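This report refers to the structure that appears directly beneath it.
Each chain carries a letter (A, B, C and D) given by its place in the written order, and its residues are counted from 1.
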Amino acid sequence: MVILERAVKFEEVDAAGIVFFARFATYAHEAMEDFFSQLDGGYVRLITERRLGLPAVKLETDFLAPLRYGDVIRIETSVAKLGRRSAVFVYELKRKADGVLASRMRHTVVFSDLEAMQSCDMPPDVRAAFEAHVVE
Amino acid sequence: MVILERAVKFEEVDAAGIVFFARFATYAHEAMEDFFSQLDGGYVRLITERRLGLPAVKLETDFLAPLRYGDVIRIETSVAKLGRRSAVFVYELKRKADGVLASRMRHTVVFSDLEAMQSCDMPPDVRAAFEAHVVE
Amino acid sequence: MVILERAVKFEEVDAAGIVFFARFATYAHEAMEDFFSQLDGGYVRLITERRLGLPAVKLETDFLAPLRYGDVIRIETSVAKLGRRSAVFVYELKRKADGVLASRMRHTVVFSDLEAMQSCDMPPDVRAAFEAHVVE
Amino acid sequence: MVILERAVKFEEVDAAGIVFFARFATYAHEAMEDFFSQLDGGYVRLITERRLGLPAVKLETDFLAPLRYGDVIRIETSVAKLGRRSAVFVYELKRKADGVLASRMRHTVVFSDLEAMQSCDMPPDVRAAFEAHVVE
């Protein structure tokens, strides 16, 4: 499990006064980027130099409790499934102050060559990053 | 079915050059707002004056084809399920130019009193808007 | 003068309940894109096929009245200055309901070759678009 | 001078491949929020509990060099002017890797009671925060 903490930002709420629901996918992406800080050069180098990426094929989000400006979010990231070319991340977003689970997300990605825009096998360092965090 | 067309905006792409995956939920929300233009005063009056809303409890997104700057998106919105206090929207996002299905989303909402932040029954005009677009 | 009307979106407000100040630059960009709908293929073709663009070198924004969810914005775009390689757009953002001026923006752009990332002369159709809307 | 470092995020670029110009105002706001971490409870408590805020009346941005995904931005915040109810922040945004100045921004704010939406005098802790960073 990899843990990322970040505060809700001033502009992330909507006209109902709670975090806009599309922002949860942004949080998921931040958690994934952070997950790959395990790699040399991180997610940035993966995308910009190695030209490898992990486009989403599926994202399932359960919204369990609202988040508000002022909340700090604790995102717990783990790997629920690992294939040769695909993987499923699970993110649990908790309000840090009281531990309430605000959202659970399942994020299925396919490892891809961004030049060819085609799936490909994961290189060993990416596979190792995933394997270190697979849960049953 | 309610149809909304809108162009991908200049800032909606990401560093991989395709529409950022969190934007799809924003598109879904736009389609929902547009869906409620059937109501007197629309979604705006529902939220700001009547203080009623439809917080998401679940959002499932399948990403089937990438979208790019320059694409016009055609969003087809229908209602897959209608309960007393909840409903399931289905959005099909197609590239207008070639009709390719870029994403299918299922969006479960619970009708709520925004002051009490508690679920409540739908008023007749909201129910009628849903009923007009229920599909099997 | 070119006029664009668009509603404030649900997610464009901030935790103070008014439109987040960075959104005004987004509105300016939308107005500029709309301004170039005069061109064959519009702003999209200019950027993606012709690989010409107008990076900002300066943006000055006066915030005169807050905007809120539910407001429709009327953006009046004109050209305050026109050089060989640069131009200054002026945007006046008004609340449509009462005509109140919410913001005035001056946006200085330099016409550029996006491949070389270097300034260049404007092609005739771009110049003609500007000239049609120059004001004293 | 207060210094904030943050990486450009995956979704902050536009279809021209550089950071979208409206994002610079978002960076300015982050720097301002960070500036007020000097206060007890920070900017969050100022806004949500004390109901005091600093709406912008003017924002002037010079764009001097493009920023890209992968860049880390170093934002240097100082106070150029301090009145009884208003202040001018200056932000210098530098690319951390090479120190190149990407943007300089002047941000004029008016201290306000958010309930009355009216300007008011700054409380002593806010004034002290400003005074600690006034530059000639």
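In this section, a residue touches a chain if its C-beta (ideal position, glycine included) is under 8 Å from a C-beta of that chain, and two chains touch if they have at least 3 such contacts.
What you see is a predicted model; the values in this text were computed from it and never measured.
Chain centres computed from CA atoms place D at the largest separation from chain B.
For the pairs A-B and B-D, the count of C-beta pairs in contact is higher at A-B.
Measuring from the averaged C-alpha position of chain B to that of chain D gives a distance of 34 Å.
With each centre defined as the average position of its C-alpha atoms, the distance from chain B to chain C rounds to 28 Å.
Separating the centre of chain A from that of chain B, both taken as means of CA atoms, is a distance of 23 Å. Chain D has residues 10-11, 15-16, 20, 22, 26, 29, 47-48, 69-70 in contact with two or more other chains.
Taken together, the chain D residues at the contact with chain B in this complex read 10-11, 13-17, 20, 22, 69-70.
Taken together, the chain C residues at the contact with chain D in this complex read 15-16, 18, 20-26, 28-29, 47-48, 53, 55-63, 66, 114, 117. Chain C meets chain B in the complex at residues 7, 9-11, 26, 29-30, 33, 43-45, 47-48, 69-70.
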